[in-house]
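In the two assemblies presented below, chain A is common to both, partnered first by chain B and then by chain C.
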Partner chain A sequence: MGATLLFGIFAFLIVACSLMVVLAKDSVVSAVFLVADLFVMACIYALLGADFVAAIQVLVYAGAILILFLFVIMLLNLDIVAARTNAGPLEIGMFIVVLIGFGILVVNLLLGERIELLPPGDSGLSITGKGNSYDLGLVLFSKYLWPFEMASVLILLAMVAGVLIAKRGKKKQP
Partner chain B sequence: MVPFNYIIVLSAFMFFCGVFGVLFRRNIIAILMSVELMLNSVNLLFIGASKVVGNLDGQIMVFFIITVAACEAAVGLAMVIAIFRKFGSIDTDKLRVLRG
Partner chain C sequence: MGLNAMVSEVEVFQIVAMFIKILVVVMVCMTVPPLMVWVERRAPALIQRRKGPNRVGVFQFRIWGLMQAIADAVKLIFKEEIVPAVANRRFFHIAPMIGVIPALLTASAIPFGPDIELFGYVVPLTVINVDAGFLFILAISSLGVYGITLAGWASNNKYSLLGSLRSSAQMVSYEIPLGLSLIPLVMIFSTFKLNDIVVSQNNILGWGVFLAPISFFLFAISMFAETNRAPFDLAEADSELVAGFHTEFGSTKFALFFFAEYINMFVLSCLCATLFFGGWQIPFVSHDTVVGILQNITEDYASLLAALVGMLTLIVKAAFFMWFFVWVRWTLPRFRYDQLMGLGWKFLLPLGLFNIAFTALIIAWRTF
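Right, the complex of A and B next:
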């Protein structure tokens, strides 16, 4: 019962923060609400038994990516972009299609059969019984070793690309 | 604990918010933040599914999604800076030329 109540609180916070992210006029307000959103999502991960992913979520998202966003907002020193929306017929049409799909999905899920989660004591998620981080490391460095190495190559590429794109163009020599 | 259906609904709502932001915001940084929101909704779905089937693969997949999201944020924000240098604005309406 306590877990259900906690999930309800977190779900409400996520809904409110997500709406504020997309509706706030100021980019800084959006970024701060995105931090709150990601933090509450980490809470839900912990509730679902994914402790290590919750820690990574707080460290990487709330710690690194959002700092990057805030840093860029500060660097560009923007005025608040006027609160117009580019609502052409194409955007409104796409939005209506997405809205209909979302409605169908929600109605189906709320009226359809319940898909139960495993109970907290179930041993399906723990291989060795030494905790979530231990099991995750075991799987990550055996079954997913090559994707893991490829991820490091991807990060290297992104770093090089970021430096190259954001670098100031060469000054013309006189 | 709640059934998986509610988790899917929550995740779908976050994805919906992200789509709304991408379609209707005109600030490029806000669009990037909406993309982050969509990536995170998928993460939530993966964690929930891993709890349903009792398998750690979903949690591993979240790692890779976080990696890709970090790369996307870095490259995307570098592009925002380049666009701001070029056009002096990050309003999507100002970016009407395709040629460099």
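Right, the complex of A and C next:
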């Protein structure tokens, strides 16, 4: 009962914040609402008992990546209001695609099978009983070891590429 | 259906206990900044061999000038609130709140005492007992940077903007060594839960600082950078940036930033004591011994009194680190900005990674 009510509040907040991200005229306002959006998403994870994922979501997305977004907006002093033009064919096309996708989602929700929400609780989704983080670690380092390691190598590659691009630009200028 | 049918007795008890715990944590956190104002003025006086504010007292009792804290608070509250004409009003009003709310939220995950039994129920002495433990503290405290960033930007002042950009880059950079320094502790204690970590540090040789000394070194340095304290107080370097991100803020808004800074310091001090120095456990005396001694005095309230002793122990330990913050501030000169970034990325980050690999090797060697 309480969990369902909270889920309703969070879901409403997510939709409201997402709308504000798109509709806000000021880009800083947009970025701040994106932070709120990601934070409420973490609240839903926490509601499902996935503490670890919720904490990482806030730590990585809201705490680190979005601050860089805000950084760039402030440094470049972006003014989206001036750049905004009337909707062209591209915008209208995108709007139609989004509308179709949303329609499919609504039809699916109304006609399709009910998805059972995972039962929230103190121990959350723990199978071993030692807590959600323990389970996650166990699964990540046994069943999903290869995908996990591949992902880490991929991130390392991106980092090396980033350093390389930054260095190459510097060498050309004596 | 009445309210009684919907809510059971256990739930009522849990909700009441939760409210009391929240009240205790908020009250303690709100007492820290005014006290620290006084300490922050008396300590440099002690270090620099002068007197400091020692006059304001109650009637003829000076009590070491302790009432200076209240005088300062009254002065701040009654100041005129000025909003610059060119400021972004919306964010100018919101920013101090964004600064102070995460600071108070983080305090909720600190375990401030052993579990107590009350009316047949076991009450853990932490407001929220999350599985992710200190990750929760790191996550919420990483949101505090938005208060500073938005404050600097909304002021529409170049000094404020420079201060806030410096501060946000610094805090994002030092979150990495801070996070990396805690991974060896997770590996050693094999849990994220703060209270479990405290319980497993029942022996002084089992304290985190002895098991993972490099982690403590990294944590202690990152702690100063995360709270924008000297020698890393470049966000408010008064010789270069007037007062940094809070240049344009006065009155209660300034007080909120002030509160946020000191509460952040207090929470990090508590976290440091919890992770590395046995939290609420008294050194050389196990929790069972404390309960045993107290049982000789009062049979019924032994566990409650033991919890109170635990709380006081944690506060004493945290107070030492608060003193450490002030001590370092009045001892070391400020770093240059490139030195700060170089230290973070070129020294602390590799050291943190080395520390993880080193700890993993030792654990593997001892296990296999």
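Basically, the second predicted complex is superposed on the first by the 137 of 174 C-alpha atoms of A that agree within 3 Å, B and C clash if a C-alpha of one lies under 4 Å from a C-alpha of the other, contacts with A are read in each partner's own complex, and residues count from 1 in each chain.
In the analysis below, a residue touches a chain if its C-beta (ideal position, glycine included) is under 8 Å from a C-beta of that chain, and two chains touch if they have at least 3 such contacts.
Just so you know, these numbers come straight off a predicted model, no measurement behind them.
Of the two partner chains, chain C is the only one that A:G131 touches; chain B does not reach it.
In the superposed model, A:L75 lies in contact with both chain B and chain C.
Look at A:V139: by the touch rule set out above, it reaches chain B but stays clear of chain C. With both complexes superposed, B is the one of chain B and chain C in contact with more chain A residues. When the shared chain is aligned, chain B comes close enough to touch A:F95, but chain C does not. In the superposition on chain A, A:V153 makes contact with neither chain B nor chain C. Of the two partner chains placed around the shared chain by superposition, chain B is the only one that A:L38 touches, whereas chain C remains out of contact. Of the two partner chains placed by the overlay, only chain C lies in contact with A:G63; chain B stays clear of it. Residues 52, 56-57, 64, 68, 75, 124 of chain A touch chain B in one complex and chain C in the other. Interface of chain A with chain C (complex): residues 28-29, 32, 35, 39, 42, 46, 51-52, 54-59, 62-64, 67-68, 70-71, 74-75, 123-124, 126, 131-134.
Those residues of chain B that touch chain A in the shared complex are 1-10, 12-14, 16-21, 23-27, 29-30, 32-34, 36-37, 40, 43-44, 47-48, 50-57, 59-60, 62-64, 66-75, 77-82, 84-85, 90-93. Listing the residues of chain C that touch chain A in their complex gives 88, 90-91, 130-132, 135-136, 138-140, 142-143, 145-146, 149-150, 153, 161, 165, 168-169, 172, 175, 179, 191-193.
Per the touch definition, chain A reaches chain B in the complex via residues 3-4, 7-8, 11, 14-15, 18-19, 21-22, 27, 30-31, 34, 37-38, 41, 44-45, 48-50, 52-53, 56-57, 60-61, 64-65, 68-69, 72-73, 75-76, 78, 81, 84-87, 91, 94-95, 98-99, 102, 105-106, 109-110, 112, 114-120, 122, 124-125, 127, 135-136, 139-140, 143-144, 147, 151, 154-155, 157-159, 161-163, 165-166, 168.
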